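What follows is a group of structures, each given as structure tokens.
Next, two complexes with chain A in common: one pairs it with chain B, the other with chain C.
For the complex of A and B:
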């Protein structure tokens, strides 16, 4: 993966999300994420956090402003470019996102198989390595419905970090997830940042990320009055 | 709540509304009918009153007009024929007008003529007052219908003088008709009044013509006419004396034949008495009176002017007319009642229908849920890899069987030794979510149970302990978890029954039969395949396993990385392959310590744990325990000959160590920071290095045990491989975690060791 170094990785420029589509307050959101940055966004409402990640991924229509990823405005691109660009985003979401019709290992690789042209064997190797990294005995091959919640949480981490993404939109897996996931998760974030990825870590409270506060670039809060920067003590 | 409101309260409310509406309509109809009946009653009474008035007028008219006609005729007739005119007129009128009794004619000189009815019917008695000598007599002449004289005689008139009689004297100075007071004839009960008129004859004499009219006929008429059902009428004069009415004779007798005393008696005629009082106070017209709790309508009206101020009183019980209204109301009420009952019935039917529909909807929803569950189960079974491979545990079959039938436990049993025993291939406990298997049952006590299975037909026993077929199975298998009901589905293969599916405490529904048939057939295919495999294994030549060279004499080994080892380790030399090594890897996560005090405490804790491990390993006769950083590797079975008890010793050691670690960490107020992994299989081992020489064990078994420990689902968990599960499942409880793929190891299942059985 080449490191993107020509400006902000992700830029929200007075982006006003459509209230009808997202339920977010129709206020201008402005934020810049540079390569290697790790930004914590505190959002109390899980559904709202998912919507914010959708905005960053260019999935929510805007009433004004724009959202650019790697210097490209989401609204100005055609499908092929959109798909290729979204292949560079890794996400952990609390929205139900596991297909029931394929085994978990396929579900993990589905995003990369869809958005990129990487060979399946490569993906399999990388996924298996990440699975072990995140505390699984291997790549789960059962249906996602048969996995326990903690294993599904680990599988979600595997899926997010698979393909060495440029942008990571992570709805916090630690709260409610297995405690021993913390080290691999923070390790994976650090590793991703080291290679130039930007991380947006969507948390519910500030207790979760205190262990990693030295590594946090900026802290924001998303509430009814919009997106506001929070001074880090 | 909303459903109750919609399905019960609404129909009830509508029914009540309908009932109230019907009752209101009924009441309104009743009121309208009542008002109409009242109006009709008054109109009817007025008509009756007019009718009676007309009748009275007709009754009296002959007397009044007759007097005028007769007086005119007699006045204008020549004197010589005056008596003949009188007789002719009187005879004619008496024959035609039954109410008239007699006619008088007298003059101021005392002459007197009378025509009256004879004692026999059809005969008329003409009487004339004549002088015979010194006495005056009445000369009677009796004439028949043909005006033929049939008899004549004289009767003494004594001192009779017509000029002194009231009918003559009262006309003095009166111009027109003059009525006398009524008087009674006790001998024939006649109640008679006389109307008289004074006029001048052709010879200048003053004449008085009088007519007697009987009121008995009028009373008979009043008795005869029908007013309502039991109404009656009465005529009284201006002084309240009864002129005509019911039971006139009796009243006359009661009054001592004195007309002046024939007034309305409140005791005998309370209604007329009240009606008369109302008339006197309020005048003519209809009045409502009540006596003895009964309502009456009375009406007072004036009779023709020549009737001397007579008043007609009519009294009718109100109910005679209201009965029509009451009957109409009763009918309305009956109709309303029928409609109300019908409405309630229809409302009840509606509620019943709604409840049935609701029940049907619930049943449909339940069935839909069951179908969804079944479809999901079938999909899971269909998706299961290597479903028909007998070497792979049929976990999905028992799991889905238990879920679909809601059985406490579902197990798959296969016949062994030509049907003399059965082995549990797989068993799934739904409440504990645990898979087990591997245990056997057999013996003569199970003969009846096996015979029942071999019949090939499924059967269900409500109380397994009470049925002789299943009593032994209940004691051996079911009593352990306290299940009662047993459903047995024999599994048939190409050559008869191969085994059975046993469901304990299931909820069996008819349509589940399809799913049960499906799983039974899958199990049959698996069992048949298993038989073929066993036959092949039996036919293969024995002793194919390569003979391993006996271990050479080994040099002493330094064991300074060992927490514990068996004495034989000292004599080990070189490397060797061990075919059945059990490896337990324990990993600890790195603790966060701040300050020297904490470090000291931690080292004390680690030391205690190490000593515990040593003790447990020695007790469980493990081969060695190796320490490497934050890992411990416990091993057993590193012997040339396979050690069948090695794995179970390691498993026991793992369980005991886990308990010990948990207790020690909890006492130190620490979270469980360790995980454990066990594998079982071939491993390489040997003493390596020069000085010091150390014993080391490596190979896939060790890697897998490490992987199991690293990838355990939660802290404090013992994760094992499929090989460990297959070897121990009949003695330990396991929970499946799922199937996983590792590039260098392939596809495998991971289990969590929970406890000893």
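For the complex of A and C:
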């Protein structure tokens, strides 16, 4: 992955999300994420957290302002470029995201298989390494419907970090996930940041990220009054 | 027993209902109000209903037209054929052709049997039994085969696509795919539609072959035809016009294309209010309608 270093990786510039489409307060959101940054956003409501990640991915129509990723405004791009750029985002979401028509290992690699020409063996090796890192006994080949919630949570981490994405939108997998996932997850975040990826970690409460407090660049809170910076003590 | 119950005053009943169910959406209240509306309002509502229905059907037709162009356009772009798309195309095609092979051949044999027994009977009366081959071509291959193959495709795989994509749309998996730049049209709709197209042609030809062979065997057994099989097929070929060589395959291809596309689009256009109970009948009726329209259009034209 070539490191992006020409300004903010992600920038929300007075972006007003469409209330009808997102259910988020129609207030201007402003935020900057530089390469290597890790920003925590506290959102109580899981659906809102997903919508906020959708805004960052350019999926939510805006009533005003703009959202840029790697210096490119989502609204100014055509479908093909838009999809190619979204291919550089690794995401853990609480929304259903495991299609039943492919086995889990293909679902994990789907994004990379679709957007890149990396050899499949290469991808399999990286996915297997990440699976082991996140505590799976190997790369799961069963249908996602046959996996436990814990294994799906681990598989979601593998999928998000696979292919060295530039931006990670992580809806907290630690909450409700297995306890032993914490260390590998924080380790993977650190490794991703070291190579220049930006991380937005969406959490419900501040207890989850306290262990990683020193590594957090900024903290924000998304509530009815919009997106507000929280001063870190 | 009801005789012993004291009659309840109507006014009390009404006030009690208002107290207990003040919700304006309550069906009882709504029903009472609906009875009170004037004839004009009733007419307006019916007109609005017809308008909504028309708009919805027209919308689907327009989506079908746009998506048809999209599939054709994208299929000619080398960049569209990524490995995920190729994987989906091959797996869908295998599933349709392998899964539907026996059913199609069986349906072809049954159709051949039914058609030939009727043809033998009716042509035998007029002494034209030797025209069995041309009748088979005109009736079975040109008219019946595309409809039956379309119905088989729709029932076996079209409905599966509708259900699968519908559940993915309602569940949010499609949105999750879009969030990481995986375009569902490119990944699912285009390869599946093209797989249906290839399968429609393949199964259609196999269906026709099965029905013709069965027709020959039946004619031979019943003594109507005494020629060897190659002479029978020569008669069949002679009975075909030049346009048939284009129209018949085109009919199979088009039926496969529209069944695949219709099934995928019905699934993808599902909303949060949809369930399998609403999605499946919609998919089936649309599919049947599409198959019949294609068949009739081709028959009208040529």
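Here is the rule we use: the second predicted complex is superposed on the first by the 233 of 233 C-alpha atoms of A that agree within 3 Å, B and C clash if a C-alpha of one lies under 4 Å from a C-alpha of the other, contacts with A are read in each partner's own complex, and residues count from 1 in each chain.
Quick note on the criterion: contacts are C-beta pairs under 8 Å (C-beta built on N, C-alpha and C of every residue); 3 or more make two chains touch, one makes a residue touch a chain.
Bear in mind the structure is a predicted one, so any value in this text is a computation, not a measurement.
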Touching partner for A:53 - first (chain B), second (chain C), both, neither: second
First, second, both or neither for A:137, with chain B first and chain C second: first
Superposed model, chain A: greater residue contact from chain B or chain C: C
Which of chain B and chain C A:115 touches, first, second, both or neither: second
Touched partner set for A:180, first chain B, second chain C, both or neither: first
Which of chain B and chain C A:79 touches, first, second, both or neither: second
Which superposed partner A:97 touches (first chain B, second chain C, both, neither): second
Chain B versus chain C as contact partner of A:105, first or second or both or neither: first
Intersection of the chain A residues that touch chain B with those that touch chain C: none
Chain C residues within the chain A interface of the complex: 82-84, 87, 164, 167-168, 171-173, 175-183, 187
Chain A partner contacts - residues on chain B that touch it in the complex: 380, 383, 385, 589, 671, 675, 707-708, 710-715, 719, 737-743, 745, 747-748, 750
Of all residues in chain A, those that touch chain B in their complex: 105, 124-125, 128, 131-132, 135-143, 146-148, 150-151, 178-180, 183
Interface residues, chain A side, partner chain C - complex: 53-54, 57, 59, 79, 82-91, 93, 95-101, 106, 110-111, 113-115, 120
